[in-house]
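In what follows, structures are represented as structure tokens.
You will see chain A twice below: alongside chain B first, and alongside chain C after that.
Let's turn to the complex of A and B:
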């Protein structure tokens, strides 16, 4: 039987089962209100309906404020602040839960519904060890830590087909018995006549696969039988040595399943010792610890690098498939949603505006909002460009930015040249220096955009800071208009600052909350003593027009503006002094797709009008496609690839670049061109 | 960690030297002649006065006096009072009283401060939250001598619940009111600190994550809200303990408690430099040790803090 067949059979069975059992989660006409200070009700969710079937991935897509997270939190009974369900019904496995009290919710949270939250950095308590926080989940639901619990779906699917497994067969391997188990396995292999390299390979496989607290008795037996050990012997070994795991084993097993290497040691560490990706894996382990039938993943990877995002989602996918967990997946990226989920629900201003099978929604969006989302999603945009080119059509119309041809690039003069730039940092308690940037050379040509791409930690922001002369290079030079910037000081430095301006990643942090918008934009003019009070005010008005913001915002403060609006203010401030070069350090990474699109368009228009040059730092290759003429790919401080944008996208040279391209969500979708 | 501890202990030396020198200079600069004061209204016998000056090194320049004091202090000889009593004996009598008073005030402040703070922080906006807030604001703004006199008048004189003053060798009951008066302002601070910590921690993302695990409300509050809120509160309490040991001067005077504060006040009036400097040295040591303990506690409570 080919694999294809068995897969089909499995999915047929799945559909049948889903029809039979009905949805695991049924949300109908859900209404959620928030009460403001003066008893005014804000309708965050209005008449939202969607279903999740067992084993299915359903994505809710929408911009921030669309009510997608609020709907999810309403299902979990974890609405923040004054939020409360005012109408409609939420049914979990056919039972109405919208009126549940906190006590009743405690009963179903964890073991029936799990949560993987959005921001990994703030969702683990800094004072408890990672392992302890996993343990809390197990203890709160009185989980049996020595036996695997199978989901309803897995039980139903296993039904007649697979040999019915008794409770005992789901016993976990314990770390204490593992060495003896491996010894017995070795002996059994010898006995079965498997020797030499074959036996070694098998043993390596066992050592890798048999994770205490995660692998079960029947799997051990299964592995042994597949390796050539006789049925009886295999089961005898499995029964003798697989006798259940301890709490520590189970915690490590869960973390290992979530993709955390060396989990037993990691479990004893604290959250601040983990990277964002590792924290997210720990949160996945917690969410799945009690084997819920429904997992709610609220933008689980939005805070992470694309490559890490892909790894984690791939892992979550395999894991939930294996366990038969249904997933309600909240995201703002339509491409990502279409790639991961079978069913998409689009939310806009608290309402469900469209819902249907993923590819249908993507290829034939009905609602105008969905059409805008499809148009704005960077992942889909770059996908369209690629497919248009493949079809031999003119892709220019699809690009916001008309990339300069190689010839133009050759001819234009270099406004910023970076040569053999190196930056070393001293690490605490370590002798050798850490090379954050290692011998990097490139140049930005006048009127063009050069993008530096790489994961976090690749040194791209360090390069930006050195170009801005905010950080001193260990060696190498940066020249601006042919002059070495390290020699600038006093007046010439002020002049350099005037011509090279930054726009930073976090629009919440880069504007002083105590300064009005007017003061923020006017500040560079004042520092550089340009014009008098009146002409400065005139200039601020012009700048606000330029970034398409109403002049009425002048007297307002940053906290009254949205992220996208703030980023426009940051751009206006950068433009105040008529610079030649703008260094954008992840300038759009923190923004929603639609807002991201607007800011990118703004940057493009400004370049077309004023001939600006951009140094554009980002981890998102999809954005690069839309804006850059040239791309520099950095990895671990080194420059690994440097070419025109088309070259990089069509003929990536290095494996690393291919991985980055591969990680663009929605990259594998077959898009209809209509 | 060991290295850090050693460094901190070595740092205490300049701190103690600096404070003693400063206090010695201040007492030296006080107007009036302590020897003259000893004769009271009687005429001063110059020969006797000169003898006394020589005995207490009062005839020597300031810096020599200070160095002689230091030299003696190193051998734990803190000299005698003008009345001929060894300084160390006087302190030995007064100090246990202050320790008793300080600890009682500390327990009062910690217990009630944290308890009211938690209640207030968990039930923000309820009527008892408002009452707790107003009372704590009152306690912070009214000076100790006012609360002291009010307590004496109502609790002591009018209703006769507790003794008005403590006097010599006071017991638990005698010290109850002084301890409450002494700890009241700090308690109010603890209430406010606990309240704001609890109410901001309860909105943290990790608290929601904990709830999503299906943990009971009680364990979520204890393990994720209170545990985290206690970090700054414990730090504040630790620092305050040092303050309570030395800051009891007003309360001890009001309630006539013969503790360290009372003794310091009397000694300053009499110009007993040896006594004043010895007490201040002791208090400085207590304060510095308390700070060190707080820093250690901080590291123990918050795994993100590591000293190297």
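Let's turn to the complex of A and C:
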């Protein structure tokens, strides 16, 4: 209870401070244009206004092309290509910066504003060590590497514990002095009469917490005092042994703060030796290296698995809270925005359509666009989509349909059965084989959807490729309609292909750019020699209607369509042969929420109309709930859990499943209450 | 529930200035259908796009006009001169230009203008035929290696390396020695192809290898397509842009090579009119009568420049990196 009170007190104080200091970033009526080849201006941002206060998290939400990233880049003075600010004002700590030159921007970038970019893979130089890249950020801003720099806000907020800290109190621990410091701490503990397990616990705590290049003198003293060492003695030890860090210490300290374990070793590695999550952590370390007052994070975790995303954001949260850094973060994920930010700004077509306290905006959306976004957001609260066709029918018919559906579900045979499926790959430079898929068994019931969920590297796509007979399993079998698919060849293989169709993840890659939409959809008909020219054209028109695309797109090429439109074309192509089974490999993962919702609706309608069975591969548990009847959870090639969707969501059996559910951003929030 | 209300009440009292609830007035932003197709946009594809880019490129316009003129001259030399290029009268030897003979005469008393006009056909045929053969031969070898990989690729790559290791000119000299007397341009075309296909093959191989891994091939396989069909219907058309670029760019260099070989006296015999041969003949009198050397050289330079410029323009238009995704 007392903790809660002190928390409240702290947030009250923070609120007062924020009101007193005023916004750190004030964007008013911002206008950004891009000029195209023939001097035609494209209005990327129109009259956007928003404020960010010190220590606050503000989210800009919107679909791709809404101008959210452009606004952030305008603030940073990093507009790409022909983009430029044509109106409005951007004030950083009360100073107008929109007219700044490149040189003036260099002065404030890093030091006052930091950036965590979107794509960790392309934002680190592959030929430099991670440590060198952190060092570059420190050197470019002439950072003092032996002393911590605290924001005004952090100083004011930390005021409660230690009175006024002098400059020297913020000196970092050096790795050279650390062993002696620990020895002295041990001695001091003994002297203070702390012995046995108590002393051991305290020492373990010290060893863990006292990170060179990150922990400061006053904290060491503070820890010692809390452990029972007398004030004088504690400060004496702290002053004697905490005498500042070297560059190497500081780099390791920064990386450690960003959540990289064993940072000193990691700093000497190259980007290709890091996973996506680790690279993102390194970028966070770089973004925060110079202790900016404002950190701009552009979709910082969109490329990462949900559990990694949660860990990184949690970490960033504690870190920025401690440093008093304000965070402006850009995301397309409403749940994430609601969970992390106090203030939320919704952008659409370059304009701010709604803004306000995040929970308020999401629970009572007022603008039609926000309403639409909230309605489409796949959160835990959402249920399996009921087909629009079913919606239209009256309640009785709906009930009947359901009853019938359930009956067939019980009785029907399994259209695809996977048993003891294993796939091993040979890794380069390694002797042992890597098991991408390890003894996985499940079956897809006719007319239902089975989702395989897992993070990257779980082997879910490998399973999909084996089911599609694009990969040969090392052992185990896949049967379609009771027949082993490994025996299909020639005519029977063609027949199998006719009945089992894929929709792939990347809408930009799965359509041949040289083929017109007509030719793309017609291709399966040609391959299987179905119909003549005229009847094929008729079929293509039907299919376009089916996926709700205008027939005029027939003569267009994939590069003219958006990702969602291409994915609908891919669905049309898959439907051309009237298949029984469609394997969707991350089919909606690359799409914006609204578009994703639209494609899911389409898939669902098709299932209701034609009794299709889906094998749905995804990393996104929220989507699973909207589309799947059964769920298979995979981790590192193994099947972890297999149950009905409701069962998995309401009573997850395994810890891994619970972690996955827990990591869904905004999962516990009720969105769109009215 | 009551907890919730309290929190909300508290939250609303805690709004910082400038962060009050804002909703854009209705009508300010027009809401569009989710992901609707913009049907007003003109239909485009890669080739149409490339053509549009090309049409606006001055480099392309200039080179295209030049090339059209050059081709016209090559096809109908009789329009420009009524004389026979091999009709020479020694009494006109090294005469200066006169009406009807704008470029004057060479040592043998042949009309330089007529010879330059007729030389166009030889140079152009050699260039174009070699480019076509090189593209066909090079891309077949390269595509097979790139598509099948493994030992097929290893074998074909080593085969390519062998030819790459022989300098084109040296190889051409050795081979052409055997057909010294033949006046057919085909011997030059075949020799240039024999030693020139390697570069195209390498480019075709890497283009095929890159396209092979794109997802639409997997998609086609899953639709029931066979590997051979994938190669012909999907991979080759997608790799064609880079092959076209290298073909156009090297066309100019084949014309130069023909001239070089003729200059060295191992190309075409003097009975076949060619710029290289004329340049070679004029070399001996360079100091006294430079104009005799000038005209065939200038014609050669303009032709080669036109094709290289065209190659550059095509490359700009078809460069996969500048293509919009």
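Simple rule for what comes next: the second predicted complex is superposed on the first by the 636 of 674 C-alpha atoms of A that agree within 3 Å, B and C clash if a C-alpha of one lies under 4 Å from a C-alpha of the other, contacts with A are read in each partner's own complex, and residues count from 1 in each chain.
Methods note: contacts are C-beta pairs under 8 Å (C-beta built on N, C-alpha and C of every residue); 3 or more make two chains touch, one makes a residue touch a chain.
Treat the numbers as computed from the prediction; the structure is a model and nothing was measured.
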Q. So, does A:356 touch the first partner chain B, the second partner chain C, both, or neither?
A. second
Q: Classify the contacts of A:125 with the two partner chains as first (chain B alone), second (chain C alone), both, or neither.
A: first
Q | Partner touching more residues of chain A, whether chain B or chain C | A | C
(Q) After the superposition on A, what does A:375 contact: first (chain B), second (chain C), both or neither? (A) neither
Q.
Contact-wise, after the overlay, does A:565 reach chain B, chain C, both or neither (first, second, both, neither)?
A. second
Q) Should A:23 be classified as contacting the first partner (chain B), the second (chain C), both, or neither? A) second
Q) Touching A:203, do we find chain B (first), chain C (second), both, or neither? A) neither
Q) Do any residues of chain A touch both chain B and chain C, and if so, which are they? A) none
Q: Spell out the residues on chain C that touch chain A in their complex, using ranges where they run on.
A: 8, 11-12, 14-24, 26, 28-31, 34-35, 37, 39, 41, 43-46, 214-216, 218-225, 229, 234, 237-238, 323-325
(Q) Using the touch definition from the top, list the residues of chain A that touch chain C in their complex. (A) 15, 18-19, 23, 26, 51, 53, 56, 343, 348-349, 351-357, 359-361, 366-369, 372, 468, 470, 493-494, 497-498, 501-502, 504-506, 508-514, 516, 523-524, 527-528, 549-550, 552-553, 555-557, 559-562, 564-565, 570, 573, 577, 594-595, 597-598
Q: Report the residues of chain A in contact with chain B in the complex, numbered from low to high.
A: 76, 78, 80-81, 102-103, 106-111, 113-115, 117, 119, 122-129, 136-137, 140-141, 270, 272, 283, 286-287, 289-290, 428-429
Q) Contact residues on chain B for chain A in the complex? A) 203-206, 208-217, 219, 223-224, 227-228, 231, 301-304, 308
